[in-house]
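Consider the two complexes below, in which chain A is the common component and chain B and chain C are the respective partners.
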Partner chain A sequence: MSSGVPAANELPAGTLGATTPPSAPAASYGFWTRLRVNSEYIVIPAFALLMAALLFALFLLAIGKSPVDFVDYVWRGGFGTAFSFQNTLQRSSPLILTALAVAIPARIGLIMIGGEGALVLGGFAAAAIAVPMVGVVPPIVTMPVMVAAAVIVGGCWVGIAGYLKYARGVNETISSLLLTYIGIAIMNFFVEGALRDATNPNKPSTKPIGEAYMVGHIPGTQVHWGFLVGVLLSVALYVLMTRTTFGFAARVTGGNYRAALAQGLPVGRLIVACAMIAGGCAGLAGYFEVAAIQGRANASLAAGYGFTGILVSFLARHNPVVIVPVAILFGGLVASGGLIQRRMGLPDATVLVLQGLIFIVLLVSETLYGRFAIFRPADVKDRT
Partner chain B sequence: MSASEFSRRTLLKTTAWGVAGATLNLGAAGRALAAGDLTMGIVYVGARDDFGWNQAHAVAAEALKLVPGVKVVEEENVPETDACAKTMESMINLDGAGLILATSFGYYTPFVVDIAKKYPDVQFRHAAPLWNKDKDPKNAGSYFGYLNQAHYVNGVAAGACTTSNKIGFVAAKPIASVLSNINSVLLGARKTNPKAIVQVIFTGDWSLPVREAEAANALVDSGCDVITCHVDSPKVVIETAEKRGVKTCGHNASQAPLAPKGFITGAEYKWATIYKGYAADIAASNPLPNFLIGGYESDFVQNTPFGAGANEAAKAAATAAIADMKAKAPIYVGPLKDNKTGKIVIDKTYGNLDPYLDKMDYLLEGVVGSIT
Partner chain C sequence: MSAGLVTVLIAMLGGAIRVSTPFMFVALGECLTEKSGRVNLGLEGTLVLGAMVAYAISYHTGSPWAGVFAAGVAGSVLGAMHGSICSLPKVNDVAVGIAMMLFGTGVAFFFGKPYIQPTAPRLSSIPFGGFSDDANLRSALDINPLFFVGIAVALLMAWAFANTRWGLIVRTVGDSAAAAKAMGISVDRVRFLSTTVGGFLAGVGGAFLSLSYPGSWNQGLSSGQGLMAVALVIFARWSPLRCVLAALLFGAAGALGPALQSVGITQGYYFFNAAPYILTLGLMIATSSATHSTRDMPGELTMAK
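On to the complex of A and B.
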């Protein structure tokens, strides 16, 4: 997948800090030209979504269900009422953070899929550090400590995969995935052993952190703060990856590893840093699962958000700000999945079929970029 | 127009309205429950046809659908995260549910408790004995079947069927309800076969099909000729044992069709008794009981009809044991020792629903296996 690194001939030598945006042509082109060029990134995914929807409609017709009803229920269950829309936003919150955990390493050319493990361990670390502090240290101190614990532990966990990649050449996709299972096992080990709440004999969990130490909802809504944090972090990481020296160096490394080395870029540090940012995002998702939802750490932390985040990031083409709407779309599909089950008598897997179709069609649509003259006005140089 | 296109466009138009609605707290606007009609929402953690825990509930839900004036809405594969809270709210807001049955253990705290506080007009009942009358909302409650009584009957039949005197038990996690089932199988088997032992392997989680098959094979290899289990879906264990040519006792729901040759009987929940009771109470405008537990004496559990694996002695002994259970004959007749230190853990005879037994954290002498 293209990481959007500008070709070397566009860069005056020695201006690594000069920040040419990756996908937008230089500002010298007029607004309409830029709009025409950039609209490719809207029209093609929209077309792909339409195709996926048509395929799914055929699937529904084949099993004797009405696609119109389906659309109606997706709308009502995911977006159409205040409750539904907030349900969607709440469900998208962990997905934004776990998708960022895939998108940032992808910018440096790494396919890291270990967000689930970092989420679980980050959430566990937050709960584990909070339990002895509850009732002793006030929430105002404990909560930042919990956040820090989650981010640091999550960051270090995925950081391991980054370090192994750079130092030993270990495939980061495999190592980050395997680390996930180790992470879940570590959490289970403590939750079923040393840190188990003895008063809860049937579901092994840590002690609850208590209402006072939990994060509430965004005022006036039923959506927890994790959503807003995810949105702000998406924007911040977008700026980091597209408007700073660090992001530029990371993208150069992703575009051509050897060239980056030859340029004298600190490739090792960049890789580990991107992996740690990724793990930190996933760890933060774990913090919100514990502090906004569960109130304790247990096996329910491993709910698959880390894996859904992979899909979200790929669909967003690893662009941090695009992750937000894509995560909301996914949140809406999941939120409405229940209504579809209940009203149409369809199994839970139906929504998974739709997700799978969207994923495949969007990946195939990648091959369409650069093939349509309408998106390349004559006065724009070839950018590829 | 595609689902996603539709969502995306209309989303833009209604975002402002959505936020405004939120601040005005219009959350419950969709709820309009006609008097006399009841919509029951049932939430499952797994698939409704899992040959296990979820299927036992789904079978009862089918029976409920026949009750006039009752509408049942069901949602499966709902994880024990805020997804279950949102599912319950969605059932209330969009389907007008007046009674929610949350069937998985991990739904209770914090989700059922929180949502029950938020919707005081809706009744919530959860399938595990967790409701605390001092702390928890009055519109919430618990119901549970003491399946160990049916496992005791399994043990009685298994004891009469085994020739190696070794009964194999594939268990998920070493928590109280699982341990009680293992111990009850042992005590039942000892009724018909004083030399019987129960050999147990813990897989470590509720649904690990590969490890469950390995455990079943290992138990058969070590000489067990009757296999039973306590995992979410016993399908793999029963099928593996049938393939190996040994006999089986079931768990949670009927697995009789999976083992046409070796199936003896199985421990089954009978949730329909409880669910129909709720429906009748609501129809008669009676308050629902907050805390409802029981076993054979309340018709909350049952045994699967005997399969081809049950011999005549087993059938006679198991039928008598069922009558004993209905007459509240105690399973745990003390003193009984644990299998690790030989310490007396059950000092006297306890009634089958005695809360002391809910705290069980030991395997009795005669069980081969370790919790830690």
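On to the complex of A and C.
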């Protein structure tokens, strides 16, 4: 399915992709000009973050809590010590992967928010395939099989939304979120039924996969390998989307669907491929949640990483490389949630409120693009 | 065997009426918003916030109807936020909807925590099954007045769209913003008002969830009903009356799991829980088309294209 890479001669010679945001100015401009133009995409989101923080501080003051304490606890719980920062990196791993699951379809013009479902089903598939293999097949064989199961199941799950978009014109935002609910129901169906570990009376789960089959930490740290995989994958996908024929064809399709069709690009295969890459990333996040953290599949897989990932991707302007630092920022916020809850007596939904606020302010800030002369040196022509 | 089947069917009838009510309100709200040419995907968050506010106000004032009204007000605040943000240039209404979904849910969970334990006064139902001796039928025909309010709103909306100046304005804005502008109508203001009123209706739908059926407030109260109602509007092809019928269909699908459970079929409970989502997806596949836009779709709507 993912062989939808067109040959180079099929590609348009002109500048059909010029509408894809953010389009960098031609290389003929000098370094400082380019820096000035591109800084708009950093300054405006940063400003939005600051405004959201201010609004949230007012919100905390209004309910009688101290914003200073809040910042202090986020710092201590997420970044201040080596231990907490490693915890943050660990939590940012699923955020990187689920944000990639939003960013890649966004490049082809689709708003897909099915990362949570692909994470849950991917993690479940990894655990389900491991259960009969544990103790029979050595880890060196089992672990790749688990990864493959997670990636394939996650990829196919979001791939459905991509296929339905192309073949039937079904709105991909709604269908991907519906698939998330269906995916969680499927996992619950098996975890409460056929695959339930009868020896565990507390929480319906699959059988544990066992220590020997779990993913360890990066040497010298308390961070599991999923973080490094996430970083490498975001670089690889950045290269794929910006430096290859496939990525160019996808961005052309996202910029102007009709033009892509007219040029004979295989838009159907491109859309399905992007959706499958997205689902594969989220499925991989599910694998690491099972194989590095939980050790089994249960309802805690649906912890909301997929939804935070949506925000991470939007804040990174769907740029795979920028996703990494943004995911670390939000990983810290998620990691400090418990500390904030205990020390400040705030409900666990506090982080959700802050995330929602950031998301809204960020989208409001979209309207600021192109309004400031400072980002438009006189020698740069209109970029739209 | 056939007695079991009758029990299931009666339970599904009662369930369809109960479960369909929130769908109906959210769908009618979304129908109004979409008729004006904008999509509010955030109604899931509105539904949850409405449920929380209704429960809290009913608990504090002792009057569930005050709760229903407060839920509507909370919903219209979220709707007004969506409407005003989308009026800004370059802002994508689908993305704002996702943000509002997260924000509304977050705010509801944040302020709703103290209300999970206490019991608030609920809306009382009207018993229509007095003629029958069958306990199942009687409980199925205990119908909440909000169900009839919803049908009345649907009739009013259908009449207003077809026969009033306001209805014409909303439809014009939804079909062609350029034509509306040429008529001297403020497109943004009409869409703002449509989204705000739509949010009010969705908030009332949330009030039904917490004050009637299931009739309590907790964090798992709504799982996608708001979103399914958005899909339902597409299936109902933007007609308020068809929205009611579609809501009843969805209600019956949602009632399937509990109805089977009531006769002792518990196997595959989670699968039947997924039935409404699968039905929604199936209906979206059936009604959408890759080559031409859906019949009766407002021309300005970008989402369903």
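Observations
Keep this in mind: the second predicted complex is superposed on the first by the 360 of 384 C-alpha atoms of A that agree within 3 Å, B and C clash if a C-alpha of one lies under 4 Å from a C-alpha of the other, contacts with A are read in each partner's own complex, and residues count from 1 in each chain.
Throughout what follows, contacts are C-beta pairs under 8 Å (C-beta built on N, C-alpha and C of every residue); 3 or more make two chains touch, one makes a residue touch a chain.
The model shown is predicted, which means the values in this text are computed figures rather than measured ones.
Of the two partner chains, chain C is the only one touched by A:Gly356; chain B is not. Once the two complexes are laid over each other on the shared chain, residue contacts for A:Leu261 go to neither chain B nor chain C.
Once chain A of one complex is fitted onto chain A of the other, the partner contacts of A:Pro347 extend to both chain B and chain C. Counting the residues of chain A touched by each of chain B and chain C gives the higher count for B. When the two complexes are overlaid on their common chain A, residue A:Gln90 makes contact with chain B while staying clear of chain C. Contacts of A:Leu61 after superposition on the shared chain: neither chain B nor chain C is touched. Contacts of A:Gln222 after superposition: chain B is touched, whereas chain C is not reached. Of the two partner chains placed by the overlay, only chain C lies in contact with A:Leu177; chain B stays clear of it.
Judged by the touch definition given at the top, the superposed model places A:Ile310 against chain C, while chain B stays out of reach. Look at A:Ala236: by the touch rule set out above, it reaches neither chain B nor chain C.
Comparing the two interfaces of chain A, the one with chain B and the one with chain C have residues 188, 192, 347-348, 354 in common.
The touching residues of chain B, when paired with chain A in their complex, are 1-8, 10-11, 14-15, 17-23, 26-27, 29-30, 41, 47, 73-83, 86-87, 89-91, 93-95, 105-106, 109-110, 128, 173, 175-177, 204-205, 358-359, 361.
Taken together, the chain C residues at the contact with chain A in this complex read 41, 81, 85, 88-92, 94-96, 98-100, 102-110, 113, 223-224, 227-228, 230-231, 234, 267-271, 273-274, 277-278, 280-281, 284-285, 288-291, 303-305. Here chain A touches chain B in the complex through residues 46, 49-50, 52-54, 56, 70-71, 74-87, 90-91, 188, 192, 201-204, 208, 220-222, 289, 293-295, 298-300, 303-304, 325, 328-329, 332, 334-335, 338-339, 341-343, 347-348, 354, 358, going by the rule given at the top.
Those residues of chain A lying in contact with chain C across their complex are 111, 113, 164, 166-171, 173-175, 177-179, 181-182, 185-186, 188-189, 192-193, 307, 310-311, 314, 347-357, 359-360, 362-364, 366-367, 369.
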